[in-house]
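Handing you this structure, nothing more for now.
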Amino acid sequence: MFYHEDTLQYEVEVEEPDPQFAKMLQQAIGGAEGEMRVALQYMFQAFAVPREHEEYRTLLMETAVEELGHIEMLATAVTKNLEGAPEATREAAREDAVIDAMMSHGQPRQALSAGLHAMPVDSNGVPFTGNYVVASGNLAADLYANIMAESTGRLLATRLYEMTDDPGMEDMLSYMIARDTMHQNQWHAAVDSLGEHLPVPASFPQEKENQEYSYTFMSTFDEERPDPEMPWTRGETPDGNGEFDYGRQPGNGFADVEAMLEEMHNEVN
Amino acid sequence: MFYHEDTLQYEVEVEEPDPQFAKMLQQAIGGAEGEMRVALQYMFQAFAVPREHEEYRTLLMETAVEELGHIEMLATAVTKNLEGAPEATREAAREDAVIDAMMSHGQPRQALSAGLHAMPVDSNGVPFTGNYVVASGNLAADLYANIMAESTGRLLATRLYEMTDDPGMEDMLSYMIARDTMHQNQWHAAVDSLGEHLPVPASFPQEKENQEYSYTFMSTFDEERPDPEMPWTRGETPDGNGEFDYGRQPGNGFADVEAMLEEMHNEVN
Amino acid sequence: MFYHEDTLQYEVEVEEPDPQFAKMLQQAIGGAEGEMRVALQYMFQAFAVPREHEEYRTLLMETAVEELGHIEMLATAVTKNLEGAPEATREAAREDAVIDAMMSHGQPRQALSAGLHAMPVDSNGVPFTGNYVVASGNLAADLYANIMAESTGRLLATRLYEMTDDPGMEDMLSYMIARDTMHQNQWHAAVDSLGEHLPVPASFPQEKENQEYSYTFMSTFDEERPDPEMPWTRGETPDGNGEFDYGRQPGNGFADVEAMLEEMHNEVN
Amino acid sequence: MFYHEDTLQYEVEVEEPDPQFAKMLQQAIGGAEGEMRVALQYMFQAFAVPREHEEYRTLLMETAVEELGHIEMLATAVTKNLEGAPEATREAAREDAVIDAMMSHGQPRQALSAGLHAMPVDSNGVPFTGNYVVASGNLAADLYANIMAESTGRLLATRLYEMTDDPGMEDMLSYMIARDTMHQNQWHAAVDSLGEHLPVPASFPQEKENQEYSYTFMSTFDEERPDPEMPWTRGETPDGNGEFDYGRQPGNGFADVEAMLEEMHNEVN
Amino acid sequence: MFYHEDTLQYEVEVEEPDPQFAKMLQQAIGGAEGEMRVALQYMFQAFAVPREHEEYRTLLMETAVEELGHIEMLATAVTKNLEGAPEATREAAREDAVIDAMMSHGQPRQALSAGLHAMPVDSNGVPFTGNYVVASGNLAADLYANIMAESTGRLLATRLYEMTDDPGMEDMLSYMIARDTMHQNQWHAAVDSLGEHLPVPASFPQEKENQEYSYTFMSTFDEERPDPEMPWTRGETPDGNGEFDYGRQPGNGFADVEAMLEEMHNEVN
Amino acid sequence: MFYHEDTLQYEVEVEEPDPQFAKMLQQAIGGAEGEMRVALQYMFQAFAVPREHEEYRTLLMETAVEELGHIEMLATAVTKNLEGAPEATREAAREDAVIDAMMSHGQPRQALSAGLHAMPVDSNGVPFTGNYVVASGNLAADLYANIMAESTGRLLATRLYEMTDDPGMEDMLSYMIARDTMHQNQWHAAVDSLGEHLPVPASFPQEKENQEYSYTFMSTFDEERPDPEMPWTRGETPDGNGEFDYGRQPGNGFADVEAMLEEMHNEVN
């Protein structure tokens, strides 16, 4: 059950409206690396965590709710970057510098479909999709998905930071980048708290996998090359269960292909 | 530049065709956790790695090419699970047990659009999308995306393994699960080889983030609760740069909201 | 800024797990008529309402937050309908009646991608999309979008109600249907509170529209028919600004087409 | 069964080609508020109306067919706004002002995929989707969907009108805005003709809903607030069946959550 | 400008409702091979044909309009296959054989979102998308797209024919298959009428292409193989401008890769 | 099974980086006419070809593998056109001409999500989708799909050629256009090698289609017109099985509509 308060989690100011930056900010709202994704991802993951792991359920849901507040902050930032372009004065649109910039460099739909406000789309105008949400029902896999989400999320936020010199936007982004730092750290700490969990899912017994191929780096170069002696071709494997090796794709020979083909009977035209 | 050979990477046999399992296998071809995703993800990541990191470029591309071979194996498996239902005999369709199972439990499009063959869609029939591909231009972020992809990928493969008792399918999956074990390990080894890289992106100076909020777990419970003393609320942070703390959302007060609202002038109707 | 509490808005019980009903419930989570849509729609609409209409901003945001709680309830209902199928026992899957029903009648991805939990997809397995969210920046248009959303939403909930005879599910749905009743009423009351607002947007002066065609029902039957004398072909118009009329498509004659064509110069091959 | 005539429903002239405006017009063709949506929406709704309501079936189909003509008009307008840029002269492209504007401000695909013609996409280049079409099988719900579609549709048309000062485009849009005025009015008249129909669907007996919650505005503010005494918290409800009330989310207590959690048994890793 | 008549183009009868077949028919409405695709494809192609080729513009538009009537026929067929399941009796749903079949084998959304009527989605429930429409602005390319569309369209119709033994459905499909026969023939005749047009686009002078590679079949087998002497490796080419040849991928050597890499300077983490 | 070599199939040089052209090139990577489409299309088609037609299976797979190399070339071209904008110097972004051009005319996500590299999206930023892949299980239909794909593909490449004057890009495109010439020719040769195959699928006996309508061009003009005596209304049909004819839509009369309506019983509200 959810509640809200009529204040932002952190101040959002814009000194100079910039429609092009408003378009960029959309990536952080509705994009693959954006806040709608993490808010919903952590929420659906939390829905799936059972009682005996309530500490993880709480961890996930509390962060989901924090991210809802980030959507709100970014939506405010988008509106403020499109200000100076109130609909009432749109008729004089082409003479107004902000409107003109909006028309040339902003997202058309932001004017046409949303009256110069935030939308659930990314910076290219592609709608948010449930496809972005990873909630696998396996906690270790989910936590790695979260590490990844906060890695690309902080990367996005730093790229946005470098594209503005508006003090208000820099301040908002310096807060969001800090939160991404925290979230990366908390998901790493949570993964560490699981103890031995590699390979994911740890619940599947490795005896059932074809262990002949479990720790061999498979080179696919056209001409065979010698072992490059990299950390992924020699030495103990991170899961602690084997030694890296170096080899080629096995290939199951023509015979099998023949057999395979013999069994198939399709029309051709 | 690419080459191929007219043989499968690993044998694919099906004793008893099972259209329902063919549908399930589609998830491993065109789904969010599937082989099209990893093949293309590693390929696009490789395209972006510069010369001074050629060992990573090679690592990524060699694995991309291995995954292409997995698409081929799975496509063969789908066709074999739909066999016994050649189009030539479709007219007698409803009397044939395999066809009948296909109609009831398979994917309609597999019969209607693909003549009982593999398609670039997931197990629900939703088409593969470029949205699944993560290639951020930042190697650390990409490697975490790969750890996640192989975690959910191996999870999927083990779930498929548990849903079949066909010896051929079990054998194929035992190979694929082993390869996922290797790939998880190789991406972990690659991340480790980067040295200190947290928080991602390490190239952004933390002085620019609002460090007041960099290491505080932000509780969003409606009623304030005491610090639960979890690994993510106390102790050193995994990036080695701070100490976890426990607190509440700051909130920037009503004044700012007022200010915010005062500046906005929209039409209402 | 948002908060949550670790309890459901309303009790969710399932007497007899039913994977087919779990699939149906997904429509109410991630479908066009679902709770993700209304939660996000009301939230984005609220983000765009300016200060001088704060009562509407509050109305929208309070309801958005209530709907977040409905996603949580439905996700719980999905999990409970898939229970009896814990992953740990999946290996014995095909012998278990619930698992078997899941395989035959449930959504494949619910087992394969989500470990038998809720997902942000609809009942056909199609992912939620930002396309469902209507937030136009015009309050009257938004309120009509909300009336429509709650009309199709309540329709969906009543159809779900009629498809189950599980007492727990009936109880949960009887609550949700009641809330949809309230929401339909509140959006109607809000539209009424706007006073004269037709045609939407009222801010556009009707003098600028080609008023010759503003109130004529345009018949497109191949053979001309007499005025059927329906409420939309005669009498005062609901906006109070005109009288309904009955006529045919004007058609601008061949001359214009000729002119149009003459101006176009394209390659053909 | 359909017919056509080789003339436009209404004249379409463009004095000065404007590729940026061509991009904007795409929203009215393939966008969420566009003509493809309403043409197909009314058509699918008509397909579902039974004999005893033939007047509604006719109403819906006649308007669907009128909207097909609007797609044709807008496609003509897009082509004319991209004129002066025939493919034959594209080689001299960058020197030509219209082509240069197309490249900078138009949609890339309009040149690359469509040879400077209309496409079934919106102004951001996102393809039209069947998701936009609402045809619920319930006439009241459908008519509210139509009121909403024409409200956002007329809003879009007025925004387009304000973004051009080309006399030809103003004339075309003044016609289309007038038609949207008519369509809003006709759908309102049709809803009114249904008599008492709230809450939708009226066929579901309200005794089955949990009437304790049917008319209470549920406040979700973090701190409880007094009844704001708005038209949606007091007074008779628009459906005529109750009185508005003001309250809080019920919450079903921790006990149930405990119970809920106890029943769930999932793997964690 | 369009018109309609309140009759179907061809009779649509269903002796025995079959919800599973209704689901299959959806492929012919909203699928990649369906009637929405061809109706809109031919329409958008027609919009782009200039005056001096009016005979092709007419050819395309007349067929587009015929296809609109096929959508109407198929929507009627879907409704009739879902009959016996009127919403009013849904409460007794699970006891009714048709409803039960619908629930088990039909599309969930057809009941939940559309009240057992046709929808703009395919047989897997995936929404129709503007992506299916090919209208390139080049007549030869468009005509080949149409040959392809009618080839896969007739293939779909024959597969549907083989999956039913309902005399009404067989009759309807025998008509539609005949129309696809005609449409394949008319597009072939239209392509033939263009005269020499290969390679498409014929307007691009072949001197500008790197003619060293214009007629060589490029083998990509890992191990070089001899020319298989197939119709695509020897003999005159269909465009009449060359002779087929057999060779390998050129490859531009490491030097270029080195140079390429040297120029790229990216962050890695 | 696949292999690769660390060199490009053909040299890719860019003299002057051009972010706007990088955006255009994305159409050739992830667009409807792009290389991802053909690579995957030919691959999935090859997966479905049975033994007795191995020459076609080889033809398809060899070309698929060549196209993989084109994705690699184009990805290199995109990176080179965005060069001069390394992430390390992004902070000084707005002062750099290439960065500034990127921000104004490039794809936002190319900077924000991909660090100025290639992505699996089209020139409008819309993700690649499995929907583009046609692999019908019928060889003739597939080959026509390939003719169409190479027709629109070569059209795209020539349009790109005309939009650049960079010698490196012209050279790369002159190679790709030549390959498209070859591919069009090889698919035509392959279709010709099938012998009589019209109408597709040839395996369906034409006696089963309603032959009364197999060769009549059906005019849908509102007012009946005389036979225009075009190659598609008179003369022998391309399949050699009939004579073209000219007529009107049959229409099945009101009686049937009445009957149809009588059978349908839906709720209205």
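Should a chain be cited, it is by its letter among A, B, C, D, E and F, assigned in written order, with residues numbered from 1 in that chain.
In this section, a contact is a pair of C-beta atoms (placed from the backbone, for glycine too) under 8 Å apart; a residue touches a chain by one contact, two chains touch by 3 or more.
The shown structure was predicted, so the numbers you read here are calculated from the model rather than taken from an experiment.
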In the contact graph of chains, the distance from subunit A to subunit D in steps is 1
Least step count from subunit C to subunit F, where 1 means the two chains touch:
2
Per the definition at the top, count C-beta pairs in contact and tell me whether A-B or B-F has more.
A-B
Repeat of A-F among A-D, C-D or A-B, where over half of the residue-numbered contact pairs coincide, is which pair?
A-D
What's the distance between the Cα centroids of subunit B and subunit C, rounded to whole Å?
30
Using CA atom averages as chain centres, what separation in Å is found between subunit A and subunit E?
34
Quick one: which residues in subunit F touch 2 or more of the other chains?
1-9, 32, 48, 58, 62, 65-66, 69, 76, 79, 87-88, 104, 113, 115, 121, 124-127, 129, 131, 136-138, 140-141, 152, 200-201, 203, 220-222, 249, 251, 264-267
Pairwise, the chains that touch are A-B, A-C, A-D, A-F, B-C, B-E, B-F, C-D, C-E, D-E, D-F, E-F
Could you please specify the touching residues of subunit C with respect to subunit B in the complex?
1-6, 48-51, 53-54, 56, 87, 90-91, 93-94, 103-104, 107-109, 111-113, 115, 121, 124-127, 137-141, 194, 197, 200-203
Mind listing the subunit E positions that touch subunit D in their complex?
1-9, 30, 36, 40, 43-44, 47-48, 58, 61-62, 65-66, 68-69, 71-72, 75-76, 79, 87-88, 113-121, 127-131, 133, 135-138, 203
Residues of subunit C defined as touching subunit E within the complex:
20, 23-24, 27, 31-33, 104-105, 122-126, 152, 156, 159-160, 162-163, 165, 220-223, 249, 251, 258, 261-262, 264-269
Okay, in this complex, where on subunit B does subunit A touch?
3, 5-12, 32, 55, 58-59, 62-63, 65-66, 69, 76, 79-80, 83, 86-88, 115, 129, 131-132, 134, 136, 138, 140-141, 144-145, 147-148, 150-152, 154-155, 158, 161, 171, 174-175, 177-182, 184-186, 188-190, 192-193, 198-201, 204, 206, 208-222, 228, 230-232, 235, 237-239, 242, 244, 249-254, 256-257, 260, 263-267
